[in-house]
Amino acid sequence: MPAMSLAEFEALCRDEAPFCELFGFRVERFDETGAVVRLPFAPALIRPGGTIAGPALMALADFAVYAALLARIGRVPLAVTTGLTINFLRKAGAVDVLAEARLLKLGRRLAVGEVTMTAVGDDQPAAHVTATYAIPSSAVS
Amino acid sequence: MPAMSLAEFEALCRDEAPFCELFGFRVERFDETGAVVRLPFAPALIRPGGTIAGPALMALADFAVYAALLARIGRVPLAVTTGLTINFLRKAGAVDVLAEARLLKLGRRLAVGEVTMTAVGDDQPAAHVTATYAIPSSAVS
Amino acid sequence: MPAMSLAEFEALCRDEAPFCELFGFRVERFDETGAVVRLPFAPALIRPGGTIAGPALMALADFAVYAALLARIGRVPLAVTTGLTINFLRKAGAVDVLAEARLLKLGRRLAVGEVTMTAVGDDQPAAHVTATYAIPSSAVS
Amino acid sequence: MPAMSLAEFEALCRDEAPFCELFGFRVERFDETGAVVRLPFAPALIRPGGTIAGPALMALADFAVYAALLARIGRVPLAVTTGLTINFLRKAGAVDVLAEARLLKLGRRLAVGEVTMTAVGDDQPAAHVTATYAIPSSAVS
């Protein structure tokens, strides 16, 4: 069982995080093992070459780790990314992209997540991300 | 002198890169020494806590390196990011953010850029990025 | 079957890469799916706190990706790291560390590898690495 | 003035950090603005191609940030690297390498440092690093 419900997580995003809405992310899995988030394709995501712009995948990965983290620690909206590294592996065409995030580490003050992103229909990943989140002290139980 | 004009760069973004428009980036410097790009503040950029969402800064930095690179090599729209690392240094409030990008390396096949981003009015940077771009072979002169 | 034998890989390291000897790395798996490399514990690896110094793990990971890459592409000694990111997850005590490396991507010019390192006896990883290698043109078949 | 003397820092390395000795690092600047550390060339540092092995530069950069951090916060030996990203920019031949480290951020719990490494005699850098250190709570004044 996640530490908060998906409905609560979605309400948090809707109420306090207009940025989440910008890309129309859809959380497809949200539990204690991680999160899967879909980036619906939209023409506004295109970069030269007709592929999905890298920063859209960065945003997707960052959000997926946020979801995976809050699924574990509950409603701690002020958990913030302290660093993120993305490696692009293959271009993602004009289709939805799925991000699967899991935590590599969950400490009291820091969490590290890993994300694999795959364009729907591809069998090889489009990008890989590791991201570090700082957990505010007040959230430590 | 840059290898293409700022007007040409802006036309490229307008014509082939709808993603660039999403954030309303404004290129304020574009020459052989690098690029400065402004992210105008908008309420849609907010994350929980009232600060600018990290991925908006990732997008800004990625775009600033793209500008710095094309200012040096000219119109090579298919230059693509192969990897990017961001470190967040301090929160950026509800103001514009300026990104200053310069190239650490410009090889035949790879370029590496560095970006320092600062919220307008702050004297300390909000985030630091390094990013690697692959330059397609056809662009090699 | 790997693209070169483990004995050939070890000979390459012995003949051309004195750096490999510095840590006494032992390749325990070397095949087309990846590589496993052991860092034997030694007192010289200690940092303040009695744990293994981070750079020893960076060296281990970098070498493990090199092994995984050459197991796939054969004897291309001049394949070189272009970038590496490490996240430390938990301290590794005074024991051997095992690194398991696999390729996330193998392109003509670039390869990306991922490494998970675990101190012997721990059930959680000590560190995670992603690394990018440039493959020289002359190696392209 | 640094928060501890260079002699105290060198004693710490000698007494508690055998790993520091492995490469023979020499601290050439150590003050409140940062640190400069020299990696003396040694044949054991060579990788295929006759250039300095990447992990030797990773170790150098990590140590240089540790020096820059302790020059600011004093004797906190248990400050530990939580993450590090290196970008290789040009090969370093068989000469000494100088690393210049400075802090991009010094918070209560996290510090972020940046390092530029240059082979002696080169006018362009060999590698660039960003690294994050966790500062133990007991060190917070």
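The letters A, B, C and D name the chains in turn, as written, and every chain counts its residues from 1.
Heads up, the rule we're going with is that a residue touches a chain if its C-beta (ideal position, glycine included) is under 8 Å from a C-beta of that chain, and two chains touch if they have at least 3 such contacts.
Bear in mind the structure is a predicted one, so any value in this text is a computation, not a measurement.
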(request) Tell me, please, which chain's centre (mean of its C-alpha atoms) is farthest from the centre of subunit B? (result) C
(message) Comparing the two chain pairs, does A-C have more C-beta contacts than B-C, or is it the other way round?
(response) A-C
(request) Please compute the C-alpha centroid of subunit A, do the same for subunit C, then give the distance between them in whole Å. (result) 28
(request) Express in whole angstrom the distance between the two chain centres, defined as the mean CA positions of subunit A and subunit B. (result) 22
(request) Give, as an integer number of Å, the spacing between the C-alpha centres of subunit C and subunit B. (result) 33
(request) List, in ascending order, every residue of subunit D touching at least 2 other chains. (result) 82-83, 85, 87, 132
(message) Help me check something: in the complex, which residues belonging to subunit D touch subunit B?
(response) 85, 87, 89-90, 104-105, 112, 114, 124-125, 128, 130, 132
(message) Help me check something: in the complex, which residues belonging to subunit A touch subunit B?
(response) 12, 16-19, 21-22, 43-49, 53-56, 58-59, 62-63, 77-78, 80-88, 91
(request) Name, in rising order, each residue of subunit B that touches subunit C in their complex. (result) 82-83, 85, 109-110, 132, 134
